[in-house]
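Both of the next two complexes hold chain A, though its partner changes from chain B to chain C.
Showing the complex of A and B:
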């Protein structure tokens, strides 16, 4: 087994596009769920709206890439308002139900035959990322030790990590401000916050919109990287994956989602390659599993790790143990 | 500091004097009401939980709202503070109608409540709980929140005020602890202190003594009467009569959703209607006796009599008196 190679490929995933996409999605959920206590189970819908914003504007309507960016973000804001207006006055569970349904609605409308002319059906939309890659200032591959990145990937990574950094900075600034204090208060007990003269509904809406816009950025990065907007990428498992990452890293921590995303994608790649290597070397007997099973087994192992984490470190990697201890009282 | 003591008694004195000429009857008019409620009704299905014709709360006084469990005290509180909507009715605070006003606007108007089940925000520190109470914070707007220099000086002022209040409520040593790590009594104190951060005119305390270590109740009572000394009006729900006697200037008694009686504590507590509402009309009988009466049918007569249709009331009461003596 070539451990050097396995480690190198895994480290690429640590800072890879998948990690960026899920870090962004999880940062959005962190604002909503981690800090405000809003159960948004429809983060996939926000990501899909972001991706469709660019794809539809550029490919279907042949308009500017920049307009596509704006449409994607405005679309996420509108979606947040649509979901929030009827549900945010109600108990937390209603938002969860409505958002999970909405995320499937967005995906199913996107892949429907009815909307094929606009959304491209189940094949999705391609050919909208040229304007983005035309902006690429990198003309040759970047080499760093054993790592080599092609210019296109490099461009996505740079833009993506800058976005992650900006979003993290915004969350950091907000959560140490009085605004963030109100959100955390709402998470603990919204009636108490109401009784202190705060417009809880407006704060929840702001939180939902902010998290949704960050989710839309995740969808934009992913579809620009792929060069294609495919609706089925944004099924409900996208959302739950982002939740798992957030909980792993530590909900209501500033760097938790980023760390969680990096670790998960690193671990995924590492487990996959290590298993394949072990099968090839016949360390693992073929009656137990073959190379085709690694995809499933790595999910199983990830699941076990998550369960162990929730048992032994429920606050996540970066969370504060004392906060969890309070829940038991 | 004799001056302090003087003003302390003076405020209570003033409240008692102002209420001296108020008739001791439900719905009595007060000389300077801060809160006036009219015809407030709230149904839960077939149950009429609150049915208040008229009630006024005197400015600068401590008014206790008492009554047995299920009398509708907390529901009435919820209605007044906007946490629940009435089926009908109107009320004004400082002459301004608050009907249909959402809770946060009620609080901003100067009427701040606490809760029976204490709502300390567990995962916020004590000082953060306090800071949250301050109103009109610049840093609570989304865009300005990201620019700390726009709210830093205000935050410092708020923190200073919060620390003063914490010191007064003897929570200053807990400043940086999570609120969730406080004891029940400390949480009550924190909630009260936090409510004061809003700078209210009327403080509404829902059972401030419930679930508090008896050793702490005395200090809680002092804090409540201190509120009046600082010029605030207090309306509080309680069902322990002794607590009420110590600090209240005026007592409003609720039973089955209605205002049954009003008056200074001494007068109200000797009122037979109040005693009945609290202990039940049959409070001096054992359950076994009542059961016996139920079997012999005398209780039914008595109930009918109490409802006011049958003149046979005296007979029934005499007969029960006999059985009691016979044992």
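Showing the complex of A and C:
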């Protein structure tokens, strides 16, 4: 097995597009779950709305890319309001169930033959990313040691990491503001905050909207990178992944989501390539698994890591254990 | 820039030729054509896809992986023809709408090409296509006739519904059947929530466990009825072991309810992909009772299998209801659900009650999985699909109440089938979920839930 090559390809993923997308999704969940204690299990829906915003406006209706950006973000705000109004007054698990239901509704409607004229059916939508790549100032591939990034990828990486940095900065500033302290107060004891005269419902809603908009950015980056908006990318696993990443990095920390995303995608690539190599070299007998099974194995590992983390180190790498001793109320 | 890209493409083509022995090295940097092959929400694995250039020169072939993905690196930008070998499709997939797709790859593009698996005119990936599609006419060219003629070809589909004047009645009965099985599936979730407060996202995998256990026993040569019995017992053992070995230590630790909920997501991911690891990404069927000739009862036509399944479900649901109201254990369960501390103080062994709830709940979930498996076939994603409907049913009925779970399940089952009369069948799940959200808006405690402050 060529360990040098495996390591090199894995290290690329540390700063890869997948890491950006899931860092953004996890930053959004961090605002909602980490700081406010809201269980949003529908982050995939927000990402899908962001992606569809651009794709539908540009490809289906042939309008401007910038309008698409606006529509994607407004769509995420509307979705957050729609989900929040019935559930934010209820116990935490109701929000969890409603948001996971909403994410499946978005995906099912997106992939249906009924909405094919607008959403492109299960094939999704392509041909909306030209405006984005026309803005690309890079004309040559970028080389850094053994790594080479083609200009197209480089452009996505730069835009993506700028977005991650901006979102991280915004979250950091907000959470040390009085507004952020109210959110943390809601997480710790909702009734206490209410008795101080704060409108808990409004604060929860603002948190849900902010996290949802950041989630929509994740979907936009991913579909622009892929050049395609495919509904099945945004299945419930997308959300669960983002949760695993957030908890690994450390919920209720500023850099937790980013660190978690980089580590997870590095580990994924590494495990995948190492397993494939081992299978090719027949270190792993073929009756046990073949190259098709590596995807399943890494999902199994995600599940195990999620369980072990919450049992033995719920604060993740960066977190503070006292900050995430949440209960369902 | 275009010129540069073209140069790069040419260079890559040369490189690709040079490093043919180590194609993995070139894979990371060039243009590729890739996609995901799915049928009815389940990935289709092991299908051969060939890419050739516009002048017919073969570039490469790929087989779809267990998650349905495939990828073929191409030497550079240009026009390519992508051909799916319909002969390699598994028997559960009726065919492919178009097996040849022509595409243009732009410089540095990772081009997505998607094949639509399904009967040629069968609008997309609906879960239970309308009856006319159950034996799909293969393309009209008679090309795939070997598959469409035999009942195995399309039998993963529902055969209760036959087109006719009384379609609404048929849909209603179909809905009652679905609701009864769903009720069986949801009891465990509701009771576990009632007694421990855990919203178990791994409950869908408990349903799959029964279905897969029966499938494996069946494939090992056991007749399906015996396999179903053994699999239900195995489910009970699985539930008992899960509580004693996993959830009880966590409760003792103690772990917060939200942490437990996320732990259950981890368990669900692990079990779901373990299932994929074991049975693969395709849809499997039992060797018996996947297809039966329906019998006519008055205006209805229904298969004997469905009648028996409905009977078993109704009897079991009634038995659980009676047990909850009449037996010591049932009363203890309700007491624990009402107030665990008070129940413990009055001498009820709370841990024992919870273990019994887990054991019985998992056994019923496993049995419901076997029924779902007989009707729809077994695949590793069925747990997630059913889980959402179970959630809808329990929330609709009122979280934590056994009656609520049963009533909610019947409502969801009937709604989902009857709505197919108006809503496109692929959207009926979405329809139920929309109704769920609307009901929460008006009556958050559910239909039968107690009116208490829930937040």
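Definition applied: the second predicted complex is superposed on the first by the 319 of 329 C-alpha atoms of A that agree within 3 Å, B and C clash if a C-alpha of one lies under 4 Å from a C-alpha of the other, contacts with A are read in each partner's own complex, and residues count from 1 in each chain.
Throughout what follows, a residue touches a chain if its C-beta (ideal position, glycine included) is under 8 Å from a C-beta of that chain, and two chains touch if they have at least 3 such contacts.
The shown structure was predicted, so the numbers you read here are calculated from the model rather than taken from an experiment.
Engineer: I'd like to know which partner A:310 touches here: chain B for first, chain C for second, both or neither.
Structural biologist: After superposing on A, A:310 lies in contact with chain C but is clear of chain B.
Engineer: For A:282, is the partner it touches chain B (first), chain C (second), both, or none of the two (neither)?
Structural biologist: Touch status of A:282: no partner.
Engineer: So, does A:226 touch the first partner chain B, the second partner chain C, both, or neither?
Structural biologist: A:226: touches chain C, not chain B.
Engineer: Of chain B and chain C, which one touches more of chain A's residues?
Structural biologist: C
Engineer: Looking at A:189, would you say it contacts chain B, chain C, both, or neither? Reply first, second, both or neither.
Structural biologist: It touches chain B, and chain C stays clear.
Engineer: Using the touch definition from the top, say if A:117 reaches chain B (first), chain C (second), both or neither.
Structural biologist: neither
Engineer: In the overlay, answer first, second, both or neither for which of chain B and chain C A:295 touches.
Structural biologist: A:295: touches chain C, not chain B.
Engineer: Give me the intersection of chain A's contacts with chain B and its contacts with chain C, in residue numbers.
Structural biologist: The answer is residues 326-327, 329 of chain A.
Engineer: Note which residues of chain A are touching chain B in the complex, please.
Structural biologist: Where chain A meets chain B, its residues are 170, 173-174, 176-182, 184-185, 187-189, 191-200, 206, 210, 322-323, 326-327, 329.
Engineer: Enumerate the contact residues on chain A facing chain C in the complex.
Structural biologist: These residues of chain A touch chain C: 5, 9, 12, 37, 39, 83, 85-87, 89-94, 96-98, 100-102, 104-105, 108-109, 111-114, 116, 121-124, 126, 139-141, 148, 150-153, 226-228, 230, 232, 236-237, 240, 243-244, 247, 289, 291-293, 295-297, 299-300, 302-307, 310-311, 314, 324-329.
Engineer: How about chain B: which of its residues touch chain A in the complex?
Structural biologist: The contact residues of chain B facing chain A are 81, 83, 102-105, 107-108, 112-115, 119-124, 128, 131-133, 135, 137-142, 145-146, 148, 151, 155, 178, 180-181, 191, 194-195, 197-198.
Engineer: What residues of chain C sit close enough to touch chain A in their complex?
Structural biologist: 1, 4, 8, 24-25, 28-29, 36, 38, 45-46, 63, 65-67, 69, 108-110, 112, 114, 116, 123-126, 197, 199, 250, 253, 255-259, 261-263, 265-274, 276-277, 281, 384, 388, 391-392, 395, 399, 424, 426-427, 429-430, 433-434, 436-437, 440-441, 444, 454-455
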